[in-house]
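Here's the structure, in structure tokens; my notes come after.
Order as written gives the chain letters A, B, C and D; numbering starts at 1 within each chain.
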Amino acid sequence: MIDKFVPSMAAAMEGIGDSATVLLGGFADVGIPRALLAGLVDTGAHDLTIVAVAGGREGSANERLLSLGRVRKLICTFVRPASIAARLFQRGELELEIIPQGTLAERLRAAGAGIPAFYTPTGADTLLAEGRETREINGRLCLLEYPLRGDVALLEAWRADRWGNLVYREAQQNFNPVMAMAADLAIAQTYHTAELGELEPNVIDTPGVFVQRVLHVPEGEIHG
Amino acid sequence: MIDKFVPSMAAAMEGIGDSATVLLGGFADVGIPRALLAGLVDTGAHDLTIVAVAGGREGSANERLLSLGRVRKLICTFVRPASIAARLFQRGELELEIIPQGTLAERLRAAGAGIPAFYTPTGADTLLAEGRETREINGRLCLLEYPLRGDVALLEAWRADRWGNLVYREAQQNFNPVMAMAADLAIAQTYHTAELGELEPNVIDTPGVFVQRVLHVPEGEIHG
Amino acid sequence: MAELAIKPLGREAMAERVARDIPEGWLVNLGIGIPTLIADFVPEDREVLFHSENGIIGMGKAPPKEQINPFLINASSQHVTLRQGGSYIHHADSFAIARGGHLDLCVLGAFEVSDSGDIANWARSADEPVKQVGGAMDLAIGTKRLWVVMEHTTKEGAPRLVQRCSYPLTAKRVVKRVYTNLAVLDVEPRGFVVRDMLPGLSFEALQAHTDARLHQA
Amino acid sequence: MAELAIKPLGREAMAERVARDIPEGWLVNLGIGIPTLIADFVPEDREVLFHSENGIIGMGKAPPKEQINPFLINASSQHVTLRQGGSYIHHADSFAIARGGHLDLCVLGAFEVSDSGDIANWARSADEPVKQVGGAMDLAIGTKRLWVVMEHTTKEGAPRLVQRCSYPLTAKRVVKRVYTNLAVLDVEPRGFVVRDMLPGLSFEALQAHTDARLHQA
């Protein structure tokens, strides 16, 4: 019997090593796998590469990872000037790769969909294109972009079953579905569990084939 | 008030001209917009380019389009040797472009997602790569592929509302969602209509922003 | 630069002015800042669909405090609602909408716009230590129409409608129209064309506050 | 070529032999022909997830005639069912699964397989007037493991396990294992390695029916 539920945070984090590339779902406060992030802090893993929409918000577990010096490189779409990420970068203690948000989503999707490279006009006319390979396609300058894969993805879902099928609510999905596809080991925390078959086939957002582990973290148990 | 429902087949077909590129949803017998195809035959439009998973099945409206000589070019993933498409091609009366099925889906998706080109290993080591641009990426030979856009997409859905939101059932969606994204004018026939708000946000498969016209064709009205 | 004899529009009035020009049926993305205010000035019975990068189609107005849904925010992290007929998508599909030409309109704020339609709105200098790119570049290249809403000049009175942007570009040759607190200007092949001005403002006075050459409609 | 003293496996027996080697939890795509039969030999309580290119994850067995759902077919156009826990996706997502390395296994039929793992399964000649590509090339390059199930020789007795494919290739260096009606062979850097043979069949007799050089396990 396939059972992707893991009984503990330790089991959820098993095998995540130093230097891992970790894809971190969520946008602003929504869809962030807070408990798993706190679990990642507790593993002590360091030299991590974190891929997320932004540098960690004040008081977040991602900020804590950064402030503990566990992150070697942050790939994201913006960093607030007053944030820890910005300070670490300015002190030379953090590598930063800032990329457009659509390009981030598409590079993750390319990793999940087996696209070895693609072109996009996004950013081609900007500073971000400096030193990069470009090509004019139909009269439009384009940048060549490569897939962005993760060793691990940390995700948040609303409901999940033992096959790893995930359902999100409202704007909770954001980066979670593409990150699930783009990682070797996709780990989801879920507010609620469901029996196999309880999640309707046309309601499942992320098919379980993209998810390797599920941890049940009931609502309200973890903030932070 | 946005109302994408059209009252008649004539209104559904309005403006489809000669030489149009028509994306045709469906796979085998499922998800084929039979009524719209019959309507397309009746418009008399010719010199069409048809994009579909396969050449028309025996007795299908697509086969009728082909046999009436309305199709200049067929872009698909296979053609049965005994089919009309194969005979027309061998007589020099039809252009054929046969491409891998995943590449077809991805080229449609690229058109819908604004990707000017992408690389894929699919077909790179084969006859299909002859004379084409290739590139080795991470030690793997890849083909450069371009988006496949349609002037028109003909789709079949199970339920639809006046914003053009579509819901499919079981394996009905197949190519329909990516073709909706890839066409300037996406026209859906639907078995059932729904009031706005009746289709749950997490059940909508194709958001109405990808659909321009909806024609209500109740179950059983059209075969063929 | 000469003092203006008239009172420029405030942020709400600028948003209201843009809202007036958005017809029913359009799919619209609104950037952070003044653009976000525009939705409040589109009456509900004019069915305009608002898209938010974080995966919302058919975004509705802010909810009353007691009806806040913590899972439903827009790209500016504000609590919002979903209209009937709206739906949720993931980030890659959401940016497929933005980059794939499905937005009828995107309205962004900017530091500068050039008379060839270049927009600079993400960094004040190429040397800024940390960059805030977000989704603006994707929106700017992908939308059918890009409108910019911004003050006509900086607080110090320096022009923002320029011959050539001095700030790092977001995208080249993409802006179709600019709404400022003084005027509405189209970007045409010949440059900025004045479509509308505040009552009492002269073309010459407007030109005096503009670096690029203005054209009469 | 020498007559065989033993009776080769039939199509069902070949499918059954492959099914034995598929462990619980794998995501598996089965090509048309013999591969499609494999699902029937995987017991339901061994949870193997079958993927169909037309957008099914967790495909179940054929339904009894009176329960046929006309909207639920597999990539071979056969009526199927959905298992509890299964779901539906569109064609681009379905091939994202195939091309993105998410299939643990794909089993295809073939005309020929070379000892470097090349597969030819879509055309009998480069000059065929019409081509039947379908989804095989996508599956072949994208799956974690590609297994081939086919008769060891053609009806005329010509070998199909060859040093070099004579038919147009589907993909190069992708086949990991071949199940024939005589044997099971892994494709390793040194070439075909015989893992299993029909009882009563000698290595030499198998070699006599094979173009490529065989290796003992």
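Operating definition for what follows: a residue touches a chain if its C-beta (ideal position, glycine included) is under 8 Å from a C-beta of that chain, and two chains touch if they have at least 3 such contacts.
Because the structure is predicted, anything quoted here is derived from the model rather than measured.
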| item | value |
| --- | --- |
| Pair of chains joined by more contacts [C-beta pairs], B-C or A-C | A-C |
| Chain whose Cα centroid lies at the greatest distance from that of chain C | D |
| Gap in Å, rounded to a whole number, between the CA centres of chain C and chain A | 29 |
| Centre-to-centre distance between chain D and chain A (centres being mean Cα positions), rounded to whole Å | 35 |
| Mean-CA-position distance for chain D and chain C (Å) | 55 |
| Multi-partner residues of chain D (each touching 2 or more other chains) | 82, 88-89, 92, 95, 98-99, 141-142 |
| Numbers and ranges of chain B residues touching at least 2 other chains | 106, 109, 113-115, 120-121, 168-170, 201-202, 205 |
| Touching pairs - complete list by chain label | A-B, A-C, A-D, B-C, B-D |
| Chain A contact footprint on chain D (complex, rising order) | 24-25, 27, 45, 47, 49, 51, 57-58, 82, 84-89, 92, 95-102, 141-142 |
| Residues of chain B defined as touching chain D within the complex | 27-31, 77-81, 85-86, 89-90, 96, 98-103, 105-106, 108-109, 120-128, 168-178, 205 |
| Touching residues on chain A, where the partner in the complex is chain D | 1-2, 109, 111-115, 161-163, 165, 181, 196-197, 199, 201-202, 204, 207-210 |
| Complex contact set, residues of chain B against chain A | 106, 110, 113-121, 135, 137-138, 140, 142, 167-170, 201-203, 205 |
| Residues of chain C touching chain A in the complex | 52-56, 69-73, 75, 77, 82, 88-92, 94-95, 98-99, 123, 126, 129-139, 141-142, 168-172 |
